[in-house]
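Down below are the structures I want you to see.
What follows is a pair of complexes built around chain A, which joins chain B in one and chain C in the other.
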Partner chain A sequence: MVQVVFSSVGKEYGGNAVLRDIDFEVPAGCFVALIGPSGCGKSTLLRMIAGLEHIDFGEIYIDGNGVNDLAPKDRDVAMVFQNYALYPHMTVAENMLFTLRMARCSRAESNDRMWEAARILGLEDLLDRYPRHLSGGQRQRVAMGRAIVRNPKVFLFDEPLSNLDAKLRVQMRAEIKRLHQRLGTTMIFVTHDQVEAMTMAERVVILREGRIEQVGSPLELYDRPANVFVAGFIGSPAMNMMSGTFERAGGHYHFVPESGDPISIPPGALSGAEDTSSGHKYMLGIRPEHITLPGPEPVSGERKSFGEISAEVVLVEVTGLDTHIVAAAPNGEVTVLIRGRSAVAAGDRLLFRLDFPLAHVFDAETGQRVD
Partner chain B sequence: MTTLPLPSQKQLPRRNRKKTSVLRSVVVYGGVLLLLFLVLFPFYWMVTASIKNFREISIERTIIPREVTFRNYVDLFEQTSILWHLFNTAWISCFVTVVTVILASMSAYVLTRFLTPTAEWIARISLYAYMVPSIVLIIPFYIGLRMAGLVNTHAGLILSYLSFTLPLGIWMMRACFQSIPQTMEEAAVVDGANRFEAFFLVAMPQALPGVVSTAIFVFILCWGEYLYPVVLISSDSLRTITITLDALTGGGQNIKFGLLMAASTVATVPILIIFLVLQRHLVRGFAAGGYE
Partner chain C sequence: MASPSTRSPPRNRQPRLRFRDERIFYYVALAPTTIVIACVIALPIIYTFALGFFIQNTLVRNWRFVGLSNYSDLLTDADFWLAFWNGVVFTVGSTVVATVFGLVIAILLDCNFRGRGPLRALVIFPYIVPSIVVAFIWKFIFSGRGILNDFLGFIGAQAVSVPWLGDQRFAMMAVILISAWTWFPFAAITLLAAIQNVPDNIYEAAALDGAGPMRRFTYLTLPLLAPAIMVVVLIRAIWAFRNYDMIWLLTEGGPIGATEVLPIMAYKEAFGLFRMGHASAVSVSLMVFVTLLAAVHFRVGARLRKAYDTS
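Take a look at the complex of A and B:
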């Protein structure tokens, strides 16, 4: 198993930096997902590992060896492309044997390895077919077969599931994960789909505009996002955000949004790192599942409990497994996720209780996590 | 002011609709037949004239031969060196076609895959070179080839042919490579191939329809080229078929129509066979290159 290290890696196109100061390690045998919005540089980074793009700054090490000056064929990596890139004039068997042919493997050994890969991926019956005669899922498996047949040090996947329909995508997700468990090889997977990244990867690297925003396990990213971007990017429905200040009044702390009533904070819910005296602005983030519905809106003048806001329901989305409620509060829209069914309907005025100990606080100016 | 809506096709009475449909069919099929006639009649005339006697060609001018004779073909093969000239034309055309396809494919590949900022200009310049009329280049060519000792040689003729087949070939192959996704070659490179292997084993097989189209075009151009051989070749043994046809016109004074039509038929048959065999690839090549 092989470790991949990125040391201050950068890339420019026509004077514009598309990747800057990329520093992270992919531990040996780890499944890492590179995720970010379109144009964040994740595919470029993958192509730089493969040797398809020049590394303008820094160094990439595979198994401890710098690969900047190595040709793609000498890096011992295999890549699965977004559109599979199967050779249309070759059969499935020839597609899989191509890389072994290039490596000047003996015919007997090549055939053994090809059959082994075909067996792992269930391609035995498709070996004499041409790619045009295969379904999307079968093509995807052939592309993976072509990668595993050579037993590379590192597997690279460039959004390999994006061309599949939703059902097949879930199936192939599980198949790739099983493949990783079986082979134990280091895998780097590029995707813009957070569900893919969260469910498949052991570590996730979030990129934005050519920079790393956060590296961590899927749950670390979900539970402790390092900044507003990560908080908003990971999780569906997205985290609710409101900007405001923290103030102390009446013996306890309040979060005072830019519009709307102050929200009282239960004792001990703040980390202590928040500045509550100078009116410094913060972003308060709360995941939709960390908001509960204690009941109808109180009558005028009645005091609200800790963490409660009142809002009017504007939209109810039922997925079957759970219910998404979108409500209009004075400080913006709030999305709530209720497990199971709910009798709430659009137009209802309700109380929404924010589970403050699970809230995230970010500096409004820098966007960075405060605690 | 109100305007009355025009009756649409659906609103027209059934009889009128039928009449319009018949009229449209007559116009369309009439046009197609006229075009077919214009294209095919010269071929028909050529082939039938080649099997008529002198009287039917020049005096009676029959449309359908009353008496079929192969005398013109016998005379053609006995009195002229047409077979030798056909051989000259065939080997020169084949050689130029092969060289053009190889060089044009490699150049076009480089122009589409490597030199992106300047490639467009180089490709355009190559097309402009093709557009320059041969008559403009013939004197500089003659002088250059004479200095190189290549006048009245097949080598000189081949070089002159390449001057117009290469730009055309590069332009056609470039359009072909532009339509082939680059990721397959990238996959090949990651799979362990070097650039040449990626080109020959992955890009070229996919460019095959484009290669066939280019080859057919170049072959036809070489086969029918007249100006360069008439200026550069003086020995009878080195002549190509177009010069033979020209000789049979007798300078316009004594045109041997029977022989000329027989020779024209003989000169056309190889091209026709090649076209019929490869036309499927030709159409695919047009589609692949996106220049249909």
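Take a look at the complex of A and C:
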């Protein structure tokens, strides 16, 4: 098992930096997901590992060796492309044997390895077919087979599931994960789909505009997003955000949104790092599942309890498993996720209680987490 | 296909034209075109076929039926077989040269370099120059006192200076080269389009699979281009075998028949010797050969397109 290290890696296209200061380590045998919005440089970074793009700045190490000057074929990495890139004039078997043939592997051993890969991926019955006679999922499998026959040091996947339909995608997700458990090879997986990243990877690297926003395990990213971007990117429905200031009054703290009533904060819910005296602006983030519905809006004048705001329900979405309630509060829309069914209907005016210890506080200026 | 409304028209409508009536209408509509095509294409072909069974001299104007004797004359005529053989040499030679050269140019034009755009446009040049101009340019280059020989003299190789187009040994070679020069742009442009049709990812996958540039060429480029190469070769071969103007302009079939091919022989028979029957027999044989090539073209083309469908 092999480690991949990025040291201040950067890339430019015609003077535009598309990747900057990429510094992170893929531990040996780890399954890492690179995730970020379209155009943030994920594919470029993956192709730099493969040797398909020049490494303009910094250094990439595979297994402790700098690979900047190595040709793709000498890096011993295999890549599964988004469009699979199968050789159209070769059968499934020939597609998988090609790399072994290039490596002048003996016929007997080549065949053994090809059959082994075919067996793992369930391709035995398709070996004589041409790619054009395969379904999307089968092509995907052949592309993976072509990668695994070589037994490479590192597997690279560039959005391999994005051309599959939803059901097949879920199935292949599990299959790739099983493959990783079975082979134990280091895998780097690019996706723009946070569900894929969260469900498959042991570590997730979030990129935005060519920079790393955060590296961590899926739950770390979910529970402690390092900044507003990560907070908004990970999780669906997305985290609720409101900007405002912290103030102390009546023996406890309040979050004072730009518009609407102050929200009182239960004692001990703030980390203490917040500046509560000078009117410094913060973003308060709270995940939809961390809001509860204690009941109808109280008659006016009645004091609200800690963390409560009132709002009017504008939309109720059901998924069958749970219910999403979107409500219009004075300081913007709030999305709430309720497990199971709910009797709430559009037009209801309700109290919403933010589960404060689970709220996230970010500096409004820098977007960074405040703890 | 038909929606319910078209299947059951409203009852009070006029009865629609029935199938038979429609067909008559189609025939009427097609008639003018058919007649024109018949006059300009079918009639001359039939006339030529018919002439082949007669001896007819333009000067005398009487037709004498001789059955297949024009054809049997041809089969024993050494000039006919020489022209046939010259045609094969010219066809194979200029096709191979034009296709190989076109392929090389296509691969070069596919590479990324400064000035690729203008160069791509420039490559078309030999193809759009009228044959008469091409012939003029190359006669000037290849003549006894032409640029080529000046150059040979300059590098000290006067000994090999010959009037290239006027020398029995070199005329065919020169004609092949010139003809290939006018035709390689077609090959280059067609093959360039085919090359660009191959997704880059396939080459990248092969690079990761351990194939260097040479092996990527032999294992990917060539097989993937095979259908396009095949089409280029066959179109070119058909064109070359019946080509008349370029050879006529360059050598008129000479010297001493060294570049005389079937179309030129037919022309000379008809308008030099006024033996219309013989000329027709030559033309018909030529047509048979070209039709065979075309048949191969369609058969092979269809099969290859199916086998190498990259979608």
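Some notes on this structure:
FYI, the second predicted complex is superposed on the first by the 371 of 371 C-alpha atoms of A that agree within 3 Å, B and C clash if a C-alpha of one lies under 4 Å from a C-alpha of the other, contacts with A are read in each partner's own complex, and residues count from 1 in each chain.
The criterion applied here is as follows: a contact is a pair of C-beta atoms (placed from the backbone, for glycine too) under 8 Å apart; a residue touches a chain by one contact, two chains touch by 3 or more.
On a predicted model such as this, the values are computed, not experimentally measured, just so you know.
Chain B and chain C, once both complexes are superposed via chain A, clash.
Judged by the touch definition given at the top, the superposed model places A:F98 against both chain B and chain C.
In the superposed model, A:L52 lies in contact with both chain B and chain C. Judged by the touch definition given at the top, the superposed model places A:V318 against neither chain B nor chain C. Legend: residue contacts after superposition of the two complexes on their common chain; A:R146 is shown touching both chain B and chain C. In the superposition on chain A, contact of A:Y87 is made with both chain B and chain C. With both structures placed on the common chain, the touch criterion links A:A273 to neither chain B nor chain C. When the two complexes are overlaid on their common chain A, residue A:M79 makes contact with chain B and with chain C alike.
Judged by the touch definition given at the top, the superposed model places A:R132 against chain C, while chain B stays out of reach. Shared interface residues of chain A (contacting chain B in one complex, chain C in the other): 50-52, 71-73, 77-79, 81, 83, 85-89, 98-99, 102-103, 146, 150.
On chain A, the positions that touch chain C within their shared complex are 50-52, 71-73, 77-79, 81, 83, 85-89, 98-99, 102-103, 132, 146, 150. Those residues of chain C lying in contact with chain A across their complex are 199, 201-202, 204-212, 215, 219-220, 223-224, 307-311. Only residues 181, 183-184, 186-194, 197, 201-202, 205-206 of chain B touch chain A when the two sit together in their complex. Residues of chain A touching chain B in their complex: 50-52, 71-73, 77-79, 81-83, 85-89, 98-99, 102-103, 146, 150.
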